[in-house]
Each structure stands twice: as C-alpha cells, then as structure tokens.
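What follows is a pair of complexes built around chain A, which joins chain B in one and chain C in the other.
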Partner chain A sequence: MTSAQITFLILAGIAAISAIGVVALNSPVRSALVLVVNFFVLAFLYFSLGAQLLGITQILVYAGAIMVLFLFVIMLLNLGNTNSAIQKKDGKPLIGIICGIGLFGLIASQIILPMGPRGQTAGAAPGYGSPQAVGYTLFTNYAWAFEITSILLLVGIVGSILLAKRRLKS
Partner chain B sequence: MTWYLMLGAFMFTCGAVGVIVRRNPVVVFMCIELMLNAVNLTFLTFAAYSPSLLPLGPELTQSWMSGQMMVIFVMAVAAAEVAVGLGIIMAIYRLRDEVDLDSMSAMRG
Partner chain C sequence: MNLDQFKVAPPSVDWITLLPVILVASTGLVALLIEMFRPKQTNVAIIWTSLIGLGVAAGSLILQMGQPSGDTFAGMALRDPASLVLQLVLVGVCFFTFFFSESYLRERRIPFGEFYPLALWSTAGGMIMVSTENLLMLFIGLEVLSISLYVMAGMARQESKSEESAIKYFLLGAFASAFLLYGIALVYGATGSLHLDQIARAYALNDGLTEKLLIFGVGFMLVGLGFKAALVPFHQWAPDVYQGAPTNVTGFMAAAAKVAAIGALYRVLSGAVDLSGTWMPLLIIIAILTMTIPNLIACQQKNVKRILGYSSIANAGYILVGLLAHLQSPDKIGIETTVFFLVSYALVTIGMFALLTLNARDGKEGTELSDFYGLWNRHPLAAGLMVLFVASLIGIPITGGFFAKLGIFNDAVNAGLTLLAIVLAINSAISCYYYLGIVRAAFVAEETRPQPLGSTMPPGLRFTGIACAVGVLGISFFLTPIQAYLSGKDPNAWTNPPATASTGPSENLSSSTTNPSPDPDPDQDPALTNPGEAPPDQPPADQPPVAEPDEQSPQESSGEAAGESEGTGPAANPAPSR
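Entry: the complex of A and B
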C-alpha cells in the first residue's frame, strides 16, 4: 500500500463520515460546520488528483463564501428553538435509508462492473490543473460559456436582493 | 480511480437521503450542495484519469480540461443557486414565521 493510497483512505474516510454527519446531525449549525470539514477534505482530494486551482477555488468559494452565507442565514432565521429543528418521529428516516441503500447499490454496481476494483491509471498530463492551463482553456475555448456564467451570477444577485428586500408598507 | 468514484457515489447518496429525510430547508440546501460536490469530485476523477486525447477534434477535446471547466461552471451555478434559494427561505420565513418543509405544501403564499 503506497502512501498515496493511505492518504486517500484517510481523506475519504473523513469525507464519508462528515457527509453522514450533515444528514444525521440534528442542529443546522452542526450540519453546517461538518459540511465545512467535508468541503476542506474534498479540496485536499482535488489536490491529490492534481487539480490545484480547483482545490483552492473549492476552499475559497465553498468553504469560504457559501458556508458563510449558510451560517449567516441560520443566524438570521434563529432556527435553534423552533419546531422544525427537531426531527419528528415518523417513518421518513427508514424510507430514506432504504431508498439510499437502493440508490447507492445502483450507482456502485454501475461503477464496479465496468471498471473493476482496480480501475485505470492516471492519464492526464502533469500540470493539467495549474492556473495557467485552466485559465488558458477558460478564456479561449470556453469564453462564451464564461460570459454567460457572469450574466447568470448577475441575475442571481439581483434576484436575491429582490427576494430578501423588505416590502414597503403601502 | 474506482474508489474516487465510489466516494462520489456515497456522498451523492448521502445528499439524496438528506433531501428526502430532513425537514429544515437550510439543511436540505446543504444536502444539495453535498450532491453537487459529489458530482464535482466525479468530474475531476474522470478528468484526471482520462486518456490524453479523445478522437473528436482539435484541442477543445482535451478531456481533462473539459472536466475542470464543468467543475468551474457547476461552482458558479451553485453559488447563484444558494443565493437565490436562501433569499426564498428568508422571504418564506418572514411571511409565515416558520420554515418546515412538511407543512409547506401550498404553492400560493
């Protein structure tokens, strides 16, 4: 077992446990904090795949911006002591777990059967995830999609301001 | 490679179960983020382990670059989606003083 495999096993274990924690923990704040752990570990997995720029972007965008937004909304809503923070005792967890096992079996069979337990060896060129390579491709072949994404983000900003604005009493 | 894909599948399943089970809309959004990240991990795995050139055309088809571009656009869409979705949750909370997905069944406010 090489050191890369040991690193992957540790990171994947943390990611899997924190993914369960997001679903299983009762308080939304705890779910958010466990999700931050998950995003950080995913960034390290991206590093281990050789995609350095995307790993850094993952930390900045997800663990930084998006999770701050989540914690901010949880704080504003003050959900800690309302009813919806507590799970009702009904059949939903059981149904969910059964559906989850079925879904995981379905996807995993489609991964294992064609791929085999070993999989392929890495084929990408070294340095394929460097900022230079990603930026060159993004601004040449994908420039149109990049501009469309900027319009999408602009629409998102305007829409969220419009939704969160307090209505004036007329 | 297989185990990266299996981790992605597991995280996606966790997110899907969370969307089914949880009643808090903020936690449901977190589970959607979890699913998006699982798909990102899968994209990057296929990018890192792809063969050098697909027989499709010029350098646009360098498949490891295509996978990374998809991840970048998924991140941008996720950011926009979270901003709008949390705005909707805030508006509903202001309207009804509670956020419970099981009691939120009417399409009109």
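Entry: the complex of A and C
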C-alpha cells in the first residue's frame, strides 16, 4: 500500500464519518461544525489529487463563507437542542435508506469497476486545473461570461439590500 | 512545472457586438452610484442617466443593423437580425418602463432608487439571452434577468401580495433554473460542448446513448424555458406574480421576460432542430393548451392585472405557434413574423400596464375592473389609448397586433400546422370577451368609489402611452422593412427607412386604411425604439466602418479568417476543451 493510498484512506474515512455525523447528530450547531470538518477534509482530498484551485475554493467558499452563514442562521434563529426534530415513525426513513444505498451502490460501482483488472489510469496533464491554467482560460475565452457573472453577483447584493432595507418613511 | 502549455492566446474580441450589453450594464452601475450619492427623495438624476444610457445602447444597436452577421467569444455573443431586433425591443421596454415608473412608485410609496439599476441589469440579462448560442451565457443571462425580477417583484415590501408574488416567483423560478441547468448538463454530456450547434453534430453520430442524453437534455431545457415564458403546464405562477408585483414591474416582466425567454427558446430549438421529430408533437400540444386554457380562465377574472397575466400566457402560445411554424420548415418560413409579434406585443404590454398605473394613489392601487369605471370621464386620453391597445391585443386591423397575428396565422397554414392556425383563430375570438370587458369597464359611466383614484395623468405616463400607441399604429408601416431586414433579403432596410417605409403602407395597408397618422416617417421609428434620445434614422454615411467586409457567417469554418475577421474568436470552440 503506497503512502498516497494510506493518505486517501485516512482522509476519506474522516470525510465519511463526519458526513454521517452531519445527519446523525441532534444539535444543529454540532451538525454544522461537523460539516465544516467534512468540507476541510474534502478540500485535502482535492489537494492530494492535484486540484489545488478546487481545494482552495472549497475551503474559501464552503468552509469559509457558506458554513459561517449557516452557523449565523442557526444561532440567530436560536435552534438549540430540540427534540422536535425527531420525527414520527413512518415510511420515510425506510425510503431514505433504500435510496441512500442505491446511490451508494451506483457511485461505488463507478469507482470500483474501472479499478478492475482492465483498469486504466486516466490522468489529466500535470498542472491541469491549477490556478494558472484556470486563470488563463477564465480571462481569455471565458472573459465575457466571467464579467457577466460579476453583474449577477452585484444584482444579488443590491437586491438583498433593497429587500432588507427598512421601510421608507415619506 | 511548466505552465506555459496552458497559456491561451487572447481571443480577438468584437467589441461592437458586445457594446449594447456593456452599455446597458454599465449604465446600471452608474445609476447605482448616483443612487448612493443622490440628493434624498428624488430619482430624477438616476432616471435621466438611465434613459441616456439606454438611448445610446439603442443607437449602437441600430447602427449595427447594417453590419453583417457574426459572433464573438465563439458564439457567446451573436449579431444577427433577430438578436439585434430583440435586443432593441428589450432596450425599448426598459426605456418606456422608466418613463412611467417614477410617478407610479411615488404614488405607491416605494420610490426606491435601486429599481432602476436592477431593471437595467435585468434588461442586460435578457439581451444576453437573445443574442447567444452558448448555453453557459444563456444560463447566466437568464439568472441576471430573473434574479433582478424576483427582487423587483417584492419591492413593495409592506404588502403581503407583493411578498407573495416575489416568493412564488423566486421559488418556481429557481425550480425552473434547476431544470434548465440539468438540461444543459445533459446536453453538455452528450456533445462535450456548450455551443448549441454541436447538438446537430452529436445527433448526427446516431449513437443511441447520445441521442437519449440529448432528448432528455433538450426536454429539461424546454421545461426551464417554458417556465420563464409561462407556457401552459408551467404557467401557474404567472397570474399571481403578475397581480402581486408592482404594476410597472409587471409590465416590464410581462414584456422583457417573455421576449428574452422566447428568444432563448428560438435559439435552443433551432440548435436542436434535428430532434424536432421528438419535441414537435409535444410543443404542438403545449401551444394548443397555452392558447386555450388561459383564455378560458381569463373570461372569469375581475382583476385587470390578472386578466392581462392570462392574456400574456395566451400570447406566449400565439408566439409559440409562429416559432413552431418557422421550425417546421425553416427554409420556407422565416422567424420574422414571430419577431414582429414580439415587437407588437411588447409595445402593447408596456402601454397597457402603463395605463393601469393611473389608478395608483396614496400607497394603494386599484386594478379591479370596477376601479376603471368612469375612466372615460376622468381621462378621455387614457380611455382612448386603452381602446387602441385592446384593439391591438384582439387583433383589429391597422393595429400592429392585427398584422402580427395575421402573419403567424399565415405561417402556421403555410407550414402545414393548420390545426394550430384554427386554434389560434378560435382563441382570438374567445379573447374578445375579456378584452372588451376591460374597455366596457372604462366606459361605464357611474363610479363606484367615492374618492376617485388617480386624478391626473403624469407627463411620463402620458408620453409612454402616446409613444406606445404611435408605435402600435406605426409598426404597421414598418412591417415590410422589418420583415425584409429579418429575412435577410434587404440588409439595409433599417438603415434607410424613408425609402422602404414609403413602400410599406402601399403594400400592406392599401385595402385597410388611409394613413391613420399624419406624419409616419420621422415619428414612428423612434417611437418604436427610443423616442427622443438616440438619433432616429442614421443615414448609412454616418456609420463608423466597424466591421470588415469579409466577415464570415458563424457556421462556416472560421479558423482561416480568424486573424482578420473581427467576429469570430481564434478558437472555433473553446468549450469542449474543459
């Protein structure tokens, strides 16, 4: 077993355990914190695959921005330990488990089958997905889309301010 | 690690093609800056800046109309007759909306300066949607358009109806966006490209799996765009949203979102025309439902905004008939009647909703049919304009609506879609009932309200109403040049209208009328596009020599000409590389 495989197994194990923790823990705050751990470990997985930009983005956007927003919302809404989240017994958990196992099997089959005897190692060119490579593409062929996306973000900011602003007195 | 291998040669960008969108979007930025520093309680500077920016954008579109077709950023931005005219319609919709918005927003006690930049960006998003063949740009444009509209719909926050409208529109719109995005992902999976013309190439492989991916992908995209255009199984949001949103936003939404969604639908369906065996029967059913169901429901409605909401759904059905006729036999039947319908529809919609704002007073507004009782006594001009707009919606001769509907009817018959033509005619008859109901309300003598709503007609509203009315009448004179321009027979039809306009009436209206407007030529073209601001008719000599004469059409291989041609980027298609 190579060191890369060991690293992968450790990271993947932590990611899986923390993902289970997100749904298994009762307190919303704890769930959110475990989700942060999951995002971080996922980012390290990306690093180990050579996708630095994806990893950095994962930490900055998900762990940094989105999860902080989640925690804010949870704390502002005062969602402490509650028992109301425990649901009545009905068919839903069963359907959920069946769907979950089905999805797991589908994804696992896509990972395991290519690793079989005929398995070929496909890999991108070194440096593919690096910040430089993405930057070159983003600011040449996709510059127009990039700029319009900035307008989209601006619309979101102005819109949320307009909707959150106090009522105009006149 | 050597990273030079990832260096990409910067594409040669045709800035002229991008210019209108850049102008509108940056006008929004300037308007936002003015909003930050403005003297309190007045939006005048914002409005005039926006109007000038829109006027310049319209001028840049009109100037481009003499230029050959082309694209830049590998199809992300496109210049062809349909895209130019539809962009011009969107700019005009925004322009007229601004004219009557301020007085209305002030009466409704929601004079937020942010409305103007948001509407400008929304327009820019719509302009991107109608002028792209790239699915990424299509999606981004749709989001820019929609998110601005969600916010504007909820602008009247103190009203639960407005909030309901915004949240409904937001949730269903997000749902529709998800469908569209899923469809785009499937198409990308099948073609390896975000460019729409790759669908035909992938379909030609005749590979079973690719075909299935394409069918599902195009199907999901149609669902997403169907939501935006409010086609019938996906129309449920429209009446509630139209009723709840502030009236000027409703008018903008009904005109701009529909034009943009139909424009995008046209691009997608043209790209997927090889699959028409699959989607054509479905869309024929959808068109029949879209024409019939809202018309039947509208007959029972008492709220004018709601009636117009249903009417706009039915109009989407008429437009879809024109689109299907074009796609059924693309060589024989052009897109020009559909575009002409959209122009006429946008003018009438903006004019009609502008008149509805007349009833706003002290933070309230009256949009029930009974609120319009006695309009004839209060505002003869408004009542007269309303009659004209309703006539155009019904399709009474000499109005733009008549020629638009007639053109689509002819197209449907010529394309062999006789069933659709019959349904269209029947529905036009049904729609008379509720359209005439609006007119009847305006002419009922007694007023039910002790305190009549809206005593004066603000100048901006007056201007919008008259300009739209002149446009509705005058567009008939421009039927021939518009159609000639769009069908590519006469690329100079727009740039020298005096010659062509004089032939227009004699060909089209010889049997129907004697010149309803005294001075057609100088007046009507600006009314159609942007009165007052942009120079109306540029003689060809004024045009800057922006385009190389050897411009190639995007379909031809552009690799060799990449150095000279300003329209096509060096990489014929960068998308598949990612």
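The rule is short, and it goes like this: the second predicted complex is superposed on the first by the 129 of 170 C-alpha atoms of A that agree within 3 Å, B and C clash if a C-alpha of one lies under 4 Å from a C-alpha of the other, contacts with A are read in each partner's own complex, and residues count from 1 in each chain.
Note that in this section contacts are C-beta pairs under 8 Å (C-beta built on N, C-alpha and C of every residue); 3 or more make two chains touch, one makes a residue touch a chain.
Predicted, not measured: the structure shown is a model, and the values here were computed from it.
J.: Where does A:V23 make contact in the superposed view: on chain B (first), on chain C (second), on both, or on neither?
T.: First partner only.
J.: In the superposed arrangement, does chain B or chain C reach more residues of chain A?
T.: Between chain B and chain C, the winner on chain A residue contacts is B.
J.: Look at A:T137 in the shared chain and tell me whether it touches chain B only, chain C only, both, or neither; answer first, second, both or neither.
T.: both
J.: Figure out whether A:P126 sits in contact with chain B (first) or chain C (second), or with both, or with neither.
T.: After superposition on chain A, A:P126 lies in contact with chain C alone.
J.: Contacts for A:L77 in the overlay, against chain B (first) and chain C (second): which applies, first, second, both or neither?
T.: first
J.: Considering only touches as defined above, state whether A:A145 meets chain B (first), chain C (second), both or neither.
T.: A:A145: touches chain B and chain C.
J.: Pick one for A:I66: touches chain B only (first), chain C only (second), both, or neither.
T.: first
J.: Output the chain A positions appearing in both contact lists, the one against chain B and the one against chain C.
T.: Common interface on chain A, chain B vs chain C: 125, 128, 133, 137, 141-142, 145, 149, 152, 155-156, 159-163.
J.: Please output the residues of chain C touching chain A within their complex, sorted ascending.
T.: 1-3, 5-11, 13, 18, 21, 25, 28-29, 32, 41, 72-74, 76-77, 109-112, 114, 117-118, 121-122, 124-125, 128, 134, 136-137, 140-141, 143-144, 147-148, 150-151, 154-155, 157-158, 166, 569, 571, 574, 577-578
J.: Given the complex with chain A, which residues does chain B contribute to the contact?
T.: These residues of chain B touch chain A: 1-7, 9-18, 20-24, 26-27, 29-31, 33-34, 37, 40-41, 44-45, 47-52, 59-60, 62, 64-65, 68-69, 71-73, 75-84, 86-91, 93-94, 98-102.
J.: Could you list, by residue number, the parts of chain A that touch chain B in their complex?
T.: So the residues of chain A touching chain B come out as 8, 12, 15-16, 19-20, 22-23, 28, 31-32, 35, 38-39, 42, 45-46, 49-51, 53-54, 57-58, 61-62, 65-66, 69-70, 73-74, 76-77, 79, 82-85, 87-88, 92-93, 95-97, 99-100, 103-104, 107-108, 111-112, 115-125, 128-129, 133-134, 137-138, 141-142, 145, 149, 152-153, 155-157, 159-164, 166.
J.: Quick one: in the complex, what on chain A touches chain C?
T.: The touching residues are 125-128, 130, 132-133, 136-137, 140-145, 148-149, 151-152, 154-156, 158-163, 165, 167-168, 170.
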